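These are the structures, in structure tokens.
In what follows, subunit A forms one complex with subunit B and a second complex with subunit C.
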Partner chain A sequence: MTTGRMSVRWRDDALPLALLGPAVLYLLLLIVLPMVQALVLAFQGDDGTFTLEHLRRMTGDVAFRDAIRNTLVLLILIVPAQIVLALVMALLVHSRIRGHEWFLYVYAIPLAISDLAAGILWLSVFTQNGYLNTVLQALGIIKEPIVYLSYENIAMVIGAIVIAESWRATALVLVILVAGLQLIPRDYFEAADLFGASRLRRTVHVVIPLLRPSLQSALIIRTIFAFTTFAAVFALAGRNLPVVAGEAYNWSVVARDPHVAAAYALVLLALAGAMTMVYLRVLGTSETQRAR
Partner chain B sequence: MRLPYAVDRALVYAVALLLAAWVLVPLYFIGLAAFSTPDAAYSYPKALLPVAPSAETMRFFLDSRGVVSSIVNSFAVALLTIVIALLLGAPAGYALARFAFRGRDAFAVLVLTTKMFPIAILSIPLAVTFLQLGLYDSIVGVALVHSAMALPFVILVTSGVFVAVSHELEEAAQTLGCSRWTAFLRVALPLALPGLAAAAIFTFVISWNEAFASTILTLRSRTLPALVLTALDQSPITFKFAGGFVMAAPAIAFIFLMRRYLLNLWGGR
Partner chain C sequence: MNARSIVIVLALVITACSTQGTPSGGAAATDQGSGFVFASTQFTPTTEQEAMRTKILAGYKGAPVDFITDAEGVILDRITAEAKAGGAGKVGLIGLENGQFGSLISGLQDLGSTMDKYKGIPADFVGLGKLGTATQYYVPWMQATYFLAVNKKALPYLPSGADVNALTYDQLITWGKNITDKTGKRMIGLPAGNNSLLHRLLQGYFYPSYTGGLVTTYKSADAETMWGAIKELWKYTNPQSTTYAFMQEPLQSEEVWIGFDHAARLINVLKAKPDDFVAVPAPAGPKGRYFMTVLVGLAIPKTTANQAGAAALIDYLLQPSTQIATLRENSFFPVVKVDIPGDLNPGLKLEADAVAKQAGAKDAKPVPLPVGLGAKGGDLNKAMVDTFQRIVVKGEDIRTVLNEQAALVQKAITDAGATCWGPDGSSTGPCQVK
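Up next, the complex of A and B:
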């Protein structure tokens, strides 16, 4: 059995690598190869030499600056709204109120709904003949239906998109925060209770600092995803409100220009890559903090 | 200042119920719109209760060109994605749960990073590659990309599942004469099945909802989200409402089925 033991030990080193290998290869193949392809498409001219022409076509397009600006505006409006909403939901679920499991389930439902479907759901609310106007009129607040989704009132359109995206993606932040809350020992909450901390003070001074790692990762993941969402924007605003991912889509599917589309893809990957770097640094520091 | 206990409790429940309504009411509205007559979909003010339910709008949607075949395509892509992602991901998750090996941390970082990597964006360059490989406009091509998107989640969920299944049970089986493989097959796998099913459901959700890559990588073999997305400009509102309902409604069942594993998917950073 002694020789057998040796061979078992060898296998115990090789087996995990054999089990992981296919998954690692697959991910690298489907991430690294298209990234190289994107670089080639974006920077290679018809004659095979290096060119900045595709990049110039992208930045020279009227929609380019609007797309970057709109994407950032949506990001700045949506992400804080989600964090606040998700924090309230997470604390409610965590407080073990009666039916807390049911509440977590209901709050998490939009996790399985796409931005396209969420956009259409809220279209039924915000369209001129829609449910919001119906409810407001029934309550006697308005006399005539309001046009929310018009090119002439872009602030209202942005508001509708912010609501639709907050509705959908808060679930993701919620799940991250609930998982983070579970890592905090219950004693901390009880100690704060003992010293008579009010709910708000307890949240601000005890919970939020302890929840920082989860808040950070939620923030970063949401930011990356915000760069890539566009279908809710299409559903609610049509083509009136260009966003970066939507432009990438338009150049690829409508204009059928893979070069400019690839340049857009690189912009998105650079934005996401920068956020991932931040994420890894944060992850690194929180790991070292935990080790201390 | 502290509120009396009863008032405080009432406030907490009021907020909790209000937030539940915020999630559920739009779902109720789209269901109402999808199951009314087309006339009602255009009319104003709308009925807020299902006073005259009708399958007419839904039938119009399902009879529209390409809808049924796009639903079939969506299912085919999702099932293929489940097969690929589980075949690749479950062994990796098992390795992550059971073994301490060199490169384990690097692998964990790779999984966490790819989890949030916007892989769908890569379908833009992939469309060119797939055209050369004959995978463009095919169910397989879309499933390959969806599998890459789902793989990190499958690895995380399965590794969580196998951590929960005690390795001592497997070792006990081995001392009783099972080989490593049969111990896994007869002891660990049956115990892990509910978790693996949750991973499969989540993979289905990712694929079922994905619109960007599915649209860019197909021309005729549209999935349902790809069809609805490309038709947004020209389709009547009844088509959108019914399509939105068909895409969104399964979420209610999906989240229920995997509610115990929700925190595994995104928690634990």
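Up next, the complex of A and C:
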């Protein structure tokens, strides 16, 4: 082997590594390192020794069970609704019916608004003397304002949050699905048309199976976001509806205990990790399938 | 959490990114040393920040000052980080509430030698600035308190024989009941949402007024009576209260008629509708009319890069004209002797009257913010707010909850090593729940 050849081979090997370098560095510094720090914080006592005290404080806290339950309830209500909505919207955008090019822009508007701003916006709709009650009163549908955001009616509070979250974040799923739709070669649709498939059959048997990889990414991303849902809940529910991310914030900023906050962050990590595994198993698109 | 406070949070994020390099103090004619940061937990609403930068600090002719403000945690983290890093920090002056200084003590300068310059600060306030030690860690800067703002529409429902300027908690409950009976609405409002100051109402008003203490009496029989009374009051309290951070918005939209909150969280509605509202002293309980004095102080970190500049800024902020400007713009009351001007905004006048009536009531008893808890102050606040949540909102058994939560209160106090303060009297070791 000559030296020239070796250096070429070395360069061939080094290039992918060099290209991966920045991403790996980024992940190490901004994801892995803080994760390790959180782990240390959650299990380290003031004297630097290992302790389960912080975990005990978290699980013994008034809001702990409620926070886990509420987070899961919101997840179950928000994610499927958004996936279905986004799928319908994506098909509409993709359908090339008149004005279809405008749908994407209109649907994407809420994406440009921060989640906290969206929460405030919906608060001004749902608060007792807010827009919704004002309109309903003006139309004569109700006489007295309805209190939607009362601790006495948690179902209504959850409903308001689901509406606010769906409005804000469905477009995120939509963008992924539209991109997925555009990746599907037109030949498949033409073939389906050739065999006389109706629009519905085409959607069910051609589009959705081919959209599976995109659906999987959308589900994973949306689920992780649903776990960290916080701002809209903060705005609309106040103290009525503790969620895991909100408790992490409260422990860190209000109670100023980074240890318990880190413990909550680990709960989030575990929940999100578990759900991602489930998605990868259930919707698993193996390499061979993708290659086909 | 209400809309306004969220807007504030948003605005803070934006200003936090943009305040760098925008000195707000007057331009210095001569070299006054390097510019520095004045970090505070006060004046977080954007309008108050603006007023601070463009009006209150406008007359200051020293080194360029960059005023930044944020939630307690953020500001304390920044100051602590600078202290840990060593060397000369950017933060030259700190403006915090009395109770927020605790964890910073080791990084603060002794200001004892400068105190003689500032005349007319009440001795109590000067004493609080020592944070339970012999060293003067901060100079009192401004003060505030809590009281009731009342829509005049509520006045016809006052229980017979009750004087709105000398209410008792029982009368407040009956008042709320009268309104609910006649209008079908629950028109009392308590700030019980995220970012609210409910813990202060419990620490400085309900607890001492009913039990004559706070920590020592946390699970006493008097405390049981008090929680029973709060539950009764809650029946006539707007159920949206668990989302309220500031009472001024629900008062302005008339979701509630009677709101109990911090002066700075009521001022907007009083300024907007001075003719529709009255501001009255907090109610009295069986043990007296206890009220909380919020004292905000100024301290210089040891890491300051411009010692003389920070000291000059304290001088400026304590001048009577600056103290009055602070009252006019941001509704915090002076700590030095000043003549309150006659042309005060009508809303501020309402507040000033309420403050005077509250402090001057014959059964009035002032309580300071919790003393000596430092970073554990958050734990005490959480233990108290959770007690409220469990007893009042969730309806759990009072005795059981008090026994359980008292353990958490005791842990916060013991961890901090805080001796008794205010209504609890004094103690040699950490204050004990009895």
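The rule is short, and it goes like this: the second predicted complex is superposed on the first by the 239 of 292 C-alpha atoms of A that agree within 3 Å, B and C clash if a C-alpha of one lies under 4 Å from a C-alpha of the other, contacts with A are read in each partner's own complex, and residues count from 1 in each chain.
Please note the rule applied: a residue touches a chain if its C-beta (ideal position, glycine included) is under 8 Å from a C-beta of that chain, and two chains touch if they have at least 3 such contacts.
The structure presented is a predicted model; accordingly, all values stated were derived computationally and were not measured.
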Fit or clash - subunit C, subunit B, common subunit A: clash
First, second, both or neither for A:152, with subunit B first and subunit C second: second
Subunit B versus subunit C as contact partner of A:117, first or second or both or neither: both
First (subunit B), second (subunit C), both or neither touched by A:167: first
Partner chain in contact with A:252 - subunit B first, subunit C second, else both or neither: both
Which superposed partner A:22 touches (first subunit B, second subunit C, both, neither): first
Touched partner set for A:198, first subunit B, second subunit C, both or neither: first
Subunit C versus subunit B, contacts on subunit A by residue: B
Against subunit C, colliding segment of subunit B, chosen among 4-12, 58-66, 112-120 or 184-192: 58-66
Residues of subunit A that lie at the interface with subunit B and also at the interface with subunit C: 114, 116-117, 119-120, 123-124, 127-129, 234-235, 238-239, 252-253
Interface residues, subunit C side, partner subunit A - complex: 1-3, 6-7, 9-10, 71-74, 76, 184-185, 192-195, 238-240, 242-245, 250, 253-255, 375, 377-379, 381-382, 386, 389-390, 393
Subunit B contact footprint on subunit A (complex, rising order): 12-13, 15-17, 19-20, 22-24, 26-27, 30-31, 33-35, 37-38, 40-41, 85, 88-89, 92, 95, 97, 99, 101, 103-125, 127-131, 133-135, 137-138, 145, 167, 172, 175-176, 178-180, 182, 196, 198, 213-214, 217, 220-221, 224-225, 227-228, 230-231, 234-235, 238-239, 245, 248-249, 252-253, 258, 261-262, 264-265, 268-269, 272, 276, 279-280, 283
Residues of subunit B defined as touching subunit A within the complex: 1-2, 12-13, 15-16, 19-20, 22-24, 26-27, 29-30, 32-33, 42-46, 48, 87-89, 91-92, 94-96, 98-99, 101-104, 107, 109-110, 112-114, 116-129, 144-145, 147-148, 151-152, 155, 205, 209-212, 215-216, 225, 228-230, 232-233, 237, 240-241, 243-244, 247-248, 250-252, 254-256, 259, 262-263, 265-269
Residues of subunit A that touch subunit C when the two form their complex: 61-63, 114, 116-117, 119-120, 123-124, 127-129, 144, 147, 149-152, 234-240, 250, 252-257
